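Next come two complexes built around chain A: one with chain B, the other with chain C.
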Partner chain A sequence: MNPPATPAMISAHRLSKEFTVHKKEPGLRGSLRALFRRRYIVKEAVKAASFEVNEGELVGLVGANGAGKTTLVKMLAGVIHPTSGAASVLGYCPWERDNRLRRKMALIMGQKASLWWDLPAADCFLLLREIYQIPRPRFEATIEMLTEMLEVREQLKIQIRRLSLGERMKMELVAALLHEPRVVFLDEPTIGLDLTAQRAIREFLLRYLREHRPAMLLTSHYMEDIEKLCERIIILREGEIVYDGPLARVVATYAPYKVVTAHLDGAQGAWSAESAAAALGGLGEVAEAAPGVVRLHVPRAEVARSAAAVLRELPVVDVTIEEPEIGAIIERIMRERGGAER
Partner chain B sequence: MRYLRLYLYFLRFSFSRSMEFRFDFFFRIFMDSVYYAVNLGFYGVLFSKVPTIGGWNFDQAVIFVAGYLLLDAIDMTVFSNNMWQLPSLINRGDLDYYLVRPVSTLYFVSLRDFAANSFVNLLMTIGILAWAIARYPGELGPASIAAFAVLLLAGCFLHYVLHITFLLSAFWLHAAAGVQQLFYVIREFSERPHQIYKGWLRQVLVTVLPVALFASIPAHALFDGLDLALALHVVAVAIGAWLLLVFVWSRGLRAYVSASS
Partner chain C sequence: MTPRLFWLVYSTETRKLMTYRVDFWITAVLNFVVSITVPYFLWTAVFESAGMATVAGYTLHEMVLYYCLAVLLGRVVRGSDQLRDISTDIYEGSLSRYLLYPAGYLPFKYAQHLANLLPSVLQLALLGPAIAGVIGLPASVAISWGSIFLALAAVAIGNALYYLMSFTLQTVAFWADNIWSLIVMMRIAASLLGGLLIPLSCFPEWAQAVLAWTPFPCLYHLPVNALLGKSTFAQAAAGLATSLAWCVLFFGAARLIWRRGTLQYTGVGI
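And then the complex of A and B:
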């Protein structure tokens, strides 16, 4: 791959973050003991993370709970200081919080509200206009465009606390993008939303990316977000980057098999899960064997031979050959060495 | 100018929000009126037993009390809501959004919530101070009154700086209730004339923990005149306190862990 013509918009170099946490035994006795003598443990939330994100790229940051995704995003957004390592966002060190950077950057957190609870979104946006010093004509045009894209124009004058979760998140997105940032950090932007709202936000993000070409870093627990939005993903496991590359390559690297599914004719003989599994085990890994359905993970080179054997050996009414589900592969990679909750 | 425009937004939002909660609006007026009456009454009782306290007679003490009531009302109106919320912003990781905005985060977290429901109290205390000065039997020239007003504003600034510096301990302690309480205990020293304290305690109260500069020193300047040494002292303490706050704030942000989402 050729190096990018322009320097990366986001770059992290061996970025690490350690937290010192107090370990307390459970119960009252543990609390009393901790009052006088405390045990501290050092937790490495992010370990020497290095990567770059270029203009117009939307990179998915994937990992189990406690893998360090949010910590990494917060370091790059300048919210917390790293323990070691370096980072550059639009040429600035993020945790020095230079206003020239903060004017061109946005952070959106699905679990935290930035808008004032008791005010209508329109008022909150006026405050943001002042904060980001957005000229009035541009401000009005951007509001119109964003609220139209997200279909929340009618809700502009309603207090934030009276909006639905989905509408609130859409308003948060408008608020974050009002100043047309060049770098956008999205931490779980669709968490807790229903499927329709999730889809609307995904479509909006893709359109925004296409039209404005910012560098975007997205964390999400929803594999559908990652699959639909990101061509490139970074997988974090216990603070370490274990994969950084195209989403499509994850399949070839971590799932060297295809899924062969045979739907069986129940009327012909007594094919049970066990008997099908016993007959076909040699063709590949039996991933599922239920009455009427057998699903095999077959090495890619063996797919044709295995499919033929399935058709020969079993009373098949239908057979499908598919790529494994990307979400399931990623989840398996994340789980491989555990993923302790933090 | 930009920060002034931002503050006008804070004011506008705060007023429109507080009008929604009528009970709280009137309750605060009632509670604070009781507080003012108790404070003035306390000195009334004291002066029925003694002719002077710390060299001040009853009329002077009334001006001093009116001064610290005004300071308290300014604090309640401008800073208090923000101060109450600050430890929770730090502990719950809600400082995150303020840190990514291109404005001073310290300015934002200190001033964003104007307690519009205390505004009536602020007007009441201005009235009490004006009444206290008007009923004073001695001579108070306009220059002395102006110096008193400026020093009282410096006292408000020092009150804010000292209070927030205490609260910033939440960056390290993760619980600021005890420290908040400690600040209120120390602040009680400001509600008595500083002349009653002697020796090292008095030195501490005008320098390291300069609560005497909140209202007592301004009243002293009003009655006895403001000399250059005292003016320089107030300026030096204010600058020193501000530099300390900026230092603690920047160290605090380095220690800020933000709560995991």
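And then the complex of A and C:
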């Protein structure tokens, strides 16, 4: 007999959130009118979202701006109340804000500072130690470990406001993980950072995940974050989950084609973009046709035949056959309307 | 919230404040001089044109002293101008981080508020004796240990009351984005009906009787008059009891509105 499955650390069941937003006409006339009569619209930010995240899992939550990612995270972290639906984080209802849950959970918001601007990080951490009631030996060991991993020990005594954006974000991470949370919500943790800082934070998150095995939910606009960190992703479109599954499966599900790129020899005849496209259009969708390069999206079953035809029809110098870029597929799914597929 | 955390929040906030030295001295000296100059010239003119030794129960000397104390003690009652903090936290979404902490928001903010009083207390300690030395104490005023105790009690209760009133009012920000006008109205009402703009004895008898049941006299009138010995022990005790009752009422209201308000909270952005 199989042992009972470990209950999910994060679980959402038909979670929905509606916001009532005041809609104002532009200009002075609109402002004057709004003084007497206001128009409100109801915006459905999240629609019946259901999913689970288990121990040691880092799930990427992706979606265009306004898709409802942050709202979903805020509901699960207990910051806002849902309009309907249920959720459980470590067995607690998050918006009831039980202190036992709050001691085991963290939310990192890349766009919002949570540390005290005028204080050095060391003072902020002391305050957090008291807030989370962390025993001193554990606190000191954690600080040492985290600041070493993120290479910010030298900056501990500098006022937060005087740190660079990257250093500040690293301090935010230290602050959020001081109490060794079992559930971590990361809302755009690498936003605005340079490539080096982004990479450092990604490496840190992976190491932290490996060593501590918390359940993590990450939102990011950077596809590299998602590709490097998440094996599973949830795609939100206009508040609705349109995909929940392995990152690798996105390609097979949403891109039933491969990319065949042919680099042409310019010296042999006058192959223009148009003429190449006209000759190869029947083999697949011409994604790009520029002088010297033709890129085709070819159905997977047709790849060999199409590649042979390209070699036969065109003066090819080089040809490559690749999987489509995951980021581009996800972005296409996020942009599409209707036809949701789970 | 544990007492240790309360103390840590308090001391951290104090350290932060002490870094702003220029602000401390500007508030201590310039602000005080400006606050006192207008009433001084106004009341000197009133006394001259009335040709009376006392107006509303005060001699000119007592009146000047009243304003000096009302300004200095009033600062301690009001705290610093961080009173918009709560509505700003709600409006800008900074409240989110506090909702994540396993510690109450109200005590957290009250500890910060108390820390913000320190500059005002220091200013009172520095300027109070200096003013008494410069303008002297009128013969009619005898400051005793009893009057000091009553004044301190009034300041402490007045401070808690002002904070709770402000907190309650600011939680309206859960429903209305901008509540600046409400805060300004509260300040004006507190200054006028609490005795900062004019002593409450300038009001007609019936108005004074009504005001005695409101939360305002404890903010300025009671501490100053208790210190100057203008209130009897019975009057001061009755005033303090009324203010304590208002504290309980506002505390209950603040908790209730807070609970309802956090249901509305959006944390800014979708």
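Criterion: the second predicted complex is superposed on the first by the 333 of 342 C-alpha atoms of A that agree within 3 Å, B and C clash if a C-alpha of one lies under 4 Å from a C-alpha of the other, contacts with A are read in each partner's own complex, and residues count from 1 in each chain.
FYI, a contact is a pair of C-beta atoms (placed from the backbone, for glycine too) under 8 Å apart; a residue touches a chain by one contact, two chains touch by 3 or more.
These figures come from a predicted structure and were not determined experimentally.
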item: When chain B and chain C are modelled together on chain A, clash or fit; value: clash
item: Touched partner set for A:43, first chain B, second chain C, both or neither; value: second
item: First (chain B), second (chain C), both or neither touched by A:301; value: neither
item: Which of chain B and chain C A:107 touches, first, second, both or neither; value: both
item: Which of chain B and chain C A:317 touches, first, second, both or neither; value: neither
item: First (chain B), second (chain C), both or neither touched by A:248; value: neither
item: Chain B versus chain C as contact partner of A:188, first or second or both or neither; value: first
item: Chain A positions touched by chain B in one structure and by chain C in the second; value: 19, 66, 70-71, 74, 77-81, 97, 99, 102-103, 105-107, 109, 112, 114, 116, 118-119, 123, 126-127, 130-133
item: Contacting residues of chain C [partner chain A, same complex]; value: 2, 4-5, 8-9, 12, 15-16, 19, 93-94, 96-97, 99-103, 262-263, 265-267, 269-270
item: Interface residues, chain A side, partner chain B - complex; value: 19, 66, 70-71, 74, 77-81, 97, 99, 102-103, 105-107, 109-112, 114, 116, 118-119, 123, 126-127, 130-133, 187-188, 342
item: Footprint of chain C on chain A - complex, ascending; value: 19, 43, 45, 66, 68, 70-71, 74, 77-81, 97, 99, 102-103, 105-107, 109, 112, 114, 116, 118-119, 123, 126-127, 130-133
item: Chain B - residues contacting chain A, complex; value: 2, 5-6, 9, 13, 16-17, 20, 93-97, 99-103, 105, 253-254, 256-258, 260-261
